[in-house]
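Note that the chains take the letters A, B and C in the order they are written out, and that residue 1 is the start of every chain.
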Amino acid sequence: MPLLEVRNLSISFGGLKAVDTFELEIEKNQLYGLIGPNGAGKTTVFNMLTGVYKPDEGYIALDGQDLIGMKTIDINKAGIARTFQNIRLFSEQSVLDNVKIGLHNEYPYSTLTGIFRLPRYHKMEKAMNEKAMELLKVFELDKKADVLASNLPYGDQRKLEIARALATNPKLLLLDEPAAGMNPNETQELMDTIRFVRDNFDMTILLIEHDMRLVSGICEEITVLNFGQILASGETKTVLKNPEVIKAYLGE
Amino acid sequence: MAAVKKFQSILKNKEVSRPLITYAMVILAYLIIQVLISGGILSNLLQGLLVPLCIYSIAAVGLNLCVGYLGELSIGHAGFMCVGAFTSAFFTKCTMNSGMNEMVRFLIALVIGILCAALAGYLIGIPVLRLRGDYLAIVTLAFGEIIMNLINVVFIGRDSRGFHFSMKDSVSLNLEEDGEAIMNGAKGIMRIPHQSSFTIGIILLLISLFVCYQLVNSRTGRAIMAIRDNRIAAESVGIDITRFKLLAFTISAAIAGAAGVLYGHNLATLIATPANFGYNMSIMILVFVILGGMGNFRGSVIAAVVLTLLPELLRGLSDYRMLMYSIILIIMMLYNWSPKIIAFRERHFRGKLHKKEEKEVA
Amino acid sequence: MSFLSNLINGLSLGSIYAIIALGYTMVYGIAKMLNFAHGDVIMVGGYVVFNLMTGQGMNPLLSVIAAIIVCTVLGVVIEKIAYKPLRGANSLAVLITAIGVSYFLQNAALLLFGSDVKAFVSVFNVKPFRLAGGALTITGVTVITVISCIVIMIGLMLFIKKTKSGQAMLAVSEDRAAAELMGVNVNQTISLTFAIGSGLAAIAGVLLCSAYPTLSPYTGAMPGIKAFTAAVFGGIGSIPGAFIGGILLGVIEIMGKTYISSQLADVIVFGVLIVVLLVKPTGILGQPIREKV
């Protein structure tokens, strides 16, 4: 059984089909790419997968669990975490706190426990701090733990978003243009980090990306979207040689 | 030596030191005023202002939780004060002749006032918090006005047969000879025992500050701020938006309720007018919050105290008080939020910083 | 017959709300902000007319024109000083600033004109209409109010449809960035919106004070908030919506006052606001918006 199974997914905005009969199957531990020209509907797919938009029709299942109709928070609890194309950090809080917010549901304690600093508060906060620092270390952000998130350089902000998503302990990680705005060196580093995350966290990753070097470098399989419809899908190398795909990209 | 070092390290941690400094300031101010009172230096006028100062400070701290940390503008908090004031004063009136210990009675009244305000906040929060921004603000205003207007048409009396309720007038309560109208519509509640004191006010202020500081430096506080900073991202990491919004709003209303209890037991007659429980009061408290700094509880207290005392001390200024508030409010908002002014400040400020760094390198 | 006369009173009050609501709705649609101080501009208009007419003995029509000019200038100045610098800032900050402006106008009026309630002499000298053999009397003010409201609304709709400036307003309200790219002068358009809205507020002020002949620094606050309710009720951003919302709210208020309880009139009006926002936040004629992620 695939980890993520998407069948016949469609949504329209104001009469326009933004995504039309989209299908996707991702195996556990896979690194999967979703590419396509601007406006092809890639982020819309992410928004449907995470319950931000309700699809008009279709079926989404994670590990056999039907996700259709679930709210964003419940989908996160079911095991999907994401990053955003236009970075969405908790900008007025520290780097460490950003990750700790991601750990919110993993280390629970009640509001009263928090106000009166009961023993459980200290225990949970300590565990949370350790776990958060561990995650930050993966992204080499541990030395910047006390920095305000909005003061991080752009590349670090993207990394922090991934760290925060990982903190929710997902089964599937969705990355929306993780390399956007990065220079070639940073992108290379990011590719290593994504591989590292996949291997060390036993993670399945679906990513949207425009940087073809990154896509061909790390994605085993890809799906190409164009005007809301699937143009091609399969092994990365084969798909990128597909004349239709090349045409769609050159014609952009 | 070890103790000193430990103390120093505590002070370095802002999460710990910030509340401690605030508590210390409040306690110090209390002690100084006690000395001034016993020395007979404090005028009657100023002594009369001590409890109101506590009321405004508490209300401002509570509202700051809502505006500064939750990021939702409420212009209806005076309504929650109103609920706290009337429910607690009603209880006090009902149990006045029961022989209950005065302090115990006041404590129960306090709990009742806070719980009722919290309940009002909770019930109002459920629908209101679904709205965003401007709409939310205007609906809190609407609820505040509704509460105030409703209080003015409620008549409750008691006689040997029990409680009587009416929304028309005191005659339709049909009280027996021995009966007494406790709540008298627009005439409010009369002859309430004077139980609020400066000491009680300061204790309530300290408790409010404690609850707020501890709350924001906890898991719950982080969730609340996450919603403020980026609602969509907060949802994506599994934070229950509705639950934490409602929680913050309810606690904020409860604190306003505590301020209301203090208000209700400070004057013999409690009436609800636009001046004390209308949106003008809500806006005045908002002014304290904005001027003290959103998200800065200590600032709220300082702003409430300074802005209340200053016009009283500079007598000639009291006519201009409200005008001054409004001008300061506008200037503060422009200074803190105007994109152009922020850019200008950053250029200016950053310039200085760079020079400093260069010096250090040299 | 008394029902009919109440209905007519409701229409009259509703027309005043509608004129104020038009100002709210235009500013909200184009500058995307809730101009909390709009109601207080009404009060300024009232004071200008009162001082010129009762104080200086000026011709009523001239004093109304003077009030319109003063309020128009005031509206534009307020926008330039307080709101324009905050364009692009957090909407909470803009709203708080608007509250500050409202507070400023009220307290400036308090210092300038005193806190005592002035008895306003109606600007209009029109004989009441007696219908049904004297059983139903409609005052001149009522007739003028309702007619003004209809004329203003039709005028505004024509203005927006037929003139270049009106089209620019429409463009800015739909997509400010795109309008700017198309060569629309956004700053000028927003200024014009404030000018029109404030001019209308002056007219509303005169009508309000003529129908309810008292004037104090707080005269505008409540009608302002209620007119905002009307704008939301009708669907904020929509001109016919402001009209419908205003009329309905006026009728609801007068009917509630008469048949339920005079003290609960405000409760009823605000209750309407809450119910509308919860059931259909976009109002009767408003359009839904989708949030971008």
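Criterion: a residue touches a chain if its C-beta (ideal position, glycine included) is under 8 Å from a C-beta of that chain, and two chains touch if they have at least 3 such contacts.
Note that the coordinates shown come from a computational prediction; the quantities given were computed from them, not determined experimentally.
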Leading the contact tally is the pair B-C
Using only Cα atoms to place each chain's centre, name the chain farthest from chain A.
C
Measure off the straight-line distance from the CA centroid of chain A to the CA centroid of chain B, and report it in whole Å.
41
What whole-Å value do you get for the distance between chain A and chain C if each is reduced to the mean of its CA atoms?
48
Between chain C and chain B, distance of the C-alpha-averaged centres to the nearest whole Å
32
Send over the residues of chain C in touch with two or more other chains.
293
Multi-chain touching residues of chain A, meaning two or more other chains, are 52, 84
Tell me, which residues of chain B touch at least two other chains?
232
Residue positions on chain B within touch of chain C in the complex are 67, 71, 73, 75, 127, 130-131, 133-135, 137-139, 141-143, 145-146, 149-150, 152-153, 167, 186, 232, 283, 286-287, 290, 319-320, 322-323, 325-327, 329-330, 333-334, 336-341
Sites on chain A touched by chain B in the complex
50, 52, 72-73, 76-77, 81-82, 84, 88-93, 97, 100-102, 104-105, 107-109, 111, 114-117, 121, 124-125, 128, 164-165, 167-168
What part of chain C is in contact with chain B in the complex they form?
33-34, 82, 85-93, 95-97, 99-101, 103-104, 106-108, 110-111, 225, 228-229, 232, 261, 263-264, 266-267, 270-271, 273-274, 277-278, 281, 293
Show which residues of chain B lie in contact with chain A when the two form their complex.
211, 214-215, 218-223, 225-226, 228-230, 232-241, 247
